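Next up: the structures, one after another.
Next, two complexes with chain A in common: one pairs it with chain B, the other with chain C.
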Partner chain A sequence: MRQTMATMALVLAAGTAAAQIAPAVVYSMGEKFDGSFNEAAYRGAERFKTETGIDYRDFVVSNEAQFEQAHRRFARLPANPIVGVGFLQTAAVTTVAKEFPALRFTVIDSVVDLPNVQSVLFKEHEGSFLVGMAAALAAKSGKIGFVGGMDIPLIRKFACGYEQGARHANPRIELIQNMTGSTPAAWTDPARGAELARGQIDRGADVIYAAAGTTGLGVLQAAKDRGKLSIGVDSNQNHLHPGSVLTSMLKRVDLATYESFKAARDGSWKAGVRVLGLKEGGVDWALDRHNAGLIGAEMKAKVEAAKADIVAGKITVHDYMSNNRCGA
Partner chain B sequence: MDELLVPLLSTLGATLRVATPLILCAMAGLVSERSGVIDIGLEGKMLAAAFSAAAMAAVSGSAWAGLGAGILTAVMLSGVHGFACITHKGDQVVSGVAINILVSGLTIVLGMAWFQRGGQTPQLPPEARFMPVWLGHNLMVYFALGLVPLVAWVLGGTRFGLRLRAVGENPQAVDTAGISVEGLRYRAVLIGGVLTGIAGTYLAIAQNAGFSRDMSAGQGYIALAAMIFGKWRPWPTLGACLMFGLLDAVAIRLQGVAIAGIGEVPVQLVQALPYALTVILLAGFIGKAVAPRAIGVPYVKDRT
Partner chain C sequence: MSARPAGLPRWVDVGLIPACNVALALGVAGLIVLAIGESPWRAIRIMVTGALGQGEAIGYTLYYATNYVFTGLAVAVAFHAGLFNIGGEGQAYIGGLGVGLAMLALDRLLPGWLLAPIGLALAALFGAAWAAIPAWLQAYRGSHIVITTIMFNFLAAALIVYLMVNVLIAPGSMAAESREFAPAARLPMMHEVLGMVGIKVGHTPLNLSIVIAVAAGIGVWLFLWHTPLGYELRAVGHSERAAVYAGIRSRRVVVASLCLSGALAGLAGLNEILGVHHRLFLNFVAGAGFTGIAVALMGRNHPIGVGLAALLFGALQQGGAELAFEIPSITREMVVVIQGLVILFSGALAYWLRPSFERLFARGSG
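And then the complex of A and B:
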């Protein structure tokens, strides 16, 4: 707080042209350092702070009812822009953004159609396409698996992109697909995730992609225990089991947060829907020292070539949510 | 041959893995309830033990230290339950539910404060877990299977077991014989604590590699249901636990598989299967389940 005031005083004294802003971020359910979604938003905000010296406020909710309170509290300060992370905040952002039409809001993973709200979506199907290719190229058995969290269209979108990528690399690939459940509890059940993964391994799967929140940790663990490969999601999860996590499908929530803050500062912030795909750097596959030994030169070349083709528009990855079907 | 054998073995293996915490918890509940003390708090004690075991294993790097911490925590909660409803003759259901609610919140709060990971504990390396030792299963699975004959023998064939059962049916008679009702019930409740502690430890550091919020996911209640299915007898209770485990394992493996003549079964239907069958079986097939006669009634020695 004091730091913020000091920074603001500095900015005033220097008389810079950049707009004065007091950014804030409201995290999704769970802790700030969840190693995944929230932590990505935190990293984006931290990057902004390091680069500009402008401090931000953040809020960790302990239940869903607090989303609206958090946004309203920040709006009264006023904080500007306010970033809400995750589709659970849709209702809160809609309500509070209407009450404070002069403030700017950014909602991630959801669409709120208001003149002062920026909605950021990701092309998860494009990133999943790349990891699907990697999976198909790494699977010696010709069988790969997918474990989703809650059975919702968003997760089907991951699965569909994954399947397309796998078929692109190997048309004869066999995909075993499971969803953990049909309630939100499906996001937090690593024991069930591990059982599903073991079931897929018993049926011959060599590589399993987990798009299931905390449940996915069980999937990664089961693959590691059985000497198979897995693919992480959202954040870079390669470090969890080096040598067993083939790669991770990155969803750059940090980028979305950072860019929203930065655009507000530069005065280029716009309301409306932003869709971040491979081209915009919003999704990607993760390459680092933890999986360097797993990604061969040939695999890397093939996946990177497909990535370039998607960016150039030569390959179009079908979006499940466009027609609620995997296939046009 | 392999087409049939591999899925069969894999399903049986999964059945054992899923049933292990149920067996441990159901035996804990059985010992406690045969002595006349209702144990609704199985769920909470298991969850608390899971958290302490994972936290201890993460800090110390030792699976055995984790097991010790898990058992200690569950025994302490059992002590609280005993203190409330044996010493102070409180309502056993209320005390058990209180434990469940307390633990469900406390584990997350402590987890957030200690590990800053949204209530989870860090992922554990293999050294800090109980890894498979024989035929793909870990020590605790075999312990759970060995426990059933042990409980059956203790309850059915030892002096302690006979007294324990008597205290659940007719505490006055036991008291008249000059044996402490409270002492026996305390012992039963604490044995239950040890077993739920092992169950929780299994969840956190054998079946999984760390604690996550509400990871017991209602298994304590399912264990209670299995115990009632089994009419408070060890062997039938084991059967019920294995049946629940099998249903769960089958549900997992049926998903996304096309069955001859039917086609692919919808995910939702497969997931509802264990619950639907439970209702049907409970409603029609097990006959009358008669609880120990003195269950839920605190023993009052002197009414003057």
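And then the complex of A and C:
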């Protein structure tokens, strides 16, 4: 009954004007303002709101059972399209998208093969390759660090791209890797992030890349306190410590969210898999006034050259997830 | 623990005082809601209807409560033996692993009516085994149970992350998740069971585990108060030296009680893995093991009390989610504050009102 009503509402909405959509976002585990992954999705939704004046609904879950609940609640409003941020929502989006075949869903960082779901994947390994090069070129000691959140395939993908980029710039580079923990608290523990970063600095690391949600903020802080360099992730984090954050690996979750909303409004929304790499502008390294003093002309030229080569297909960055190994 | 203080009718002690505690907590929470500029009435209404308003809300509340009954009973059983088992989180996690491993190995070979009891047995067995090591260390080596069980939570998390990421991950999966079990390997969902007898309710994660939870509550009650081992367990809890003097082999009782405790906690893993998700993934316990401690304290370590406290916590969890959904300015953190206030008033400050009531009733009867 509810479902038929949702369908009818949708048909009505489609009939009157393309502009009448009611978008919604379900964030990944953790905080909305994590300065990183979730916040990127929030910015994308906000941008849509400013440009079009159309408000959206959003929800932060406190446990995994709530993903399905949140999607179903939004679907009943009906919200449309509904964006699920993060691979943890795969099962929830699959279930709810089947129940509401007339609504449109977008899932980020995962693939759901249904006719009303758009799946957005990012080539994090390509973006990480670029910041890995920058790290290796900036590290005078020849040692660089990586702090991940949990030891899961997605984070290994970041680490693997980073390592390849660093070796591309300096084959003798030494990489120190740490994961923060084995529970989801690993994403929200800046104190531990700072501790790990200090440990890596003590072992000689000059540049540390954090791919660990809010935990990464601690890494960035520790690097600044010790006069070393750090690399931010997902959102542009250069402004957090100008002169200390070397660059950020941009993962344009904001773009994916914004484009899903906008396409739904314009009537050009399509189901299927979208893979956003360097070529599509889905990942990149961040250059702005906050890190202009840290990126020398030579470094910039080398990284930009590699970027052009990756876009042109002359350099292939290995994707950890393709074979669950870092290496072909 | 179960002794009733003199001077108060039983209905006041187990009914009126807890109700006043919850009302006080909600009153303070209401002030906070008022302070951020929202209507406390509306917030309360959303929480209550969100938790108990219709079939689907009740389904979610009972689903959360199922986990809390298992972990609450686990803490309660250990408590009666004088042991503070903080390892429910890890034991539930490992219990779920046991179910998952069994299903991944057998789901295509055996029929569903055989898989469910196997899952039940393995959840209990794995949970018990995970508790057995700290139990043995406590009984025979004097390592403090609080320290070892809490450490074993981290060991469980590390072990499962390792297994999920390196061994059990479904090929080509983004998330560290196993493949989905075959359709035979699942406990019947409550909305399916009720649908068969003609009652239509919404789609919720509530499954047959709740029946097992009720049975576990009755079983714990029978065991503690109507069996010799249950008597020995409570004797050790009251005074270990007296128990030894009476001829009870207290070390064996310590190990047995913690194994039972771990087995009960492990069943929360059964609810999540075989009941709801039908695959293994990370962090499916989601704090239910720790909530179980509060549930047991609030339920005064009695199965009936644990059941009621589990219902309250389930309702808070579900109603809180609805609250955050309906009133966006009440964030998830605010909901945690409200839940914390309820725990504070009905757990930590449980005896706070008693002197006033005692005076009141002494005057009334005198």
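Annotations for the structure displayed:
One rule holds in what follows: the second predicted complex is superposed on the first by the 304 of 328 C-alpha atoms of A that agree within 3 Å, B and C clash if a C-alpha of one lies under 4 Å from a C-alpha of the other, contacts with A are read in each partner's own complex, and residues count from 1 in each chain.
The rule is short, and it goes like this: a residue touches a chain if its C-beta (ideal position, glycine included) is under 8 Å from a C-beta of that chain, and two chains touch if they have at least 3 such contacts.
Small disclaimer: the values here were computed from a predicted structure and weren't measured.
Of the two partner chains placed by the overlay, only chain C lies in contact with A:111; chain B stays clear of it. When the two structures are aligned on the shared chain, A:315 is found in touch with neither chain B nor chain C.
When the shared chain is aligned, chain B comes close enough to touch A:218, but chain C does not.
When the two structures are aligned on the shared chain, A:184 is found in touch with chain C, with no touch to chain B.
Within the superposed three-chain model, A:263 lies out of touch with both chain B and chain C [touch as defined at top].
By the touch criterion defined above, A:196 reaches chain B but does not reach chain C.
With both structures placed on the common chain, the touch criterion links A:38 to chain B but leaves chain C unconnected.
After overlaying the two complexes on the shared chain, residue contacts for A:151 are found with chain B and with chain C alike. Look at A:64: by the touch rule set out above, it reaches chain C but stays clear of chain B. Residues common to the contacts of chain A with chain B and with chain C across the two structures: 151, 181-182. Against chain C, the residues of chain A that register as touching in their complex are 57-66, 68-70, 72-73, 87-88, 90-91, 99, 109-111, 150-154, 156, 181-184, 321, 324. Those residues of chain A lying in contact with chain B across their complex are 30-35, 38, 151, 176-179, 181-182, 185, 188-192, 194-196, 198-199, 202-203, 214, 217-218, 221, 225, 240.
Chain B contributes residues 6-7, 10, 14, 17-18, 112, 116-120, 123, 126, 131-132, 203, 207-210, 212-215, 217, 248-249, 252-253, 255-256, 267-268, 271 to its touches with chain A in the complex.
Taken in their complex, chain C has these residues touching chain A: 60, 63-64, 154, 157-158, 160-162, 165, 169, 171-177, 203, 205, 276-277, 279, 281-284, 286-287, 317, 320-321, 324-325, 328, 331-332, 335-336.
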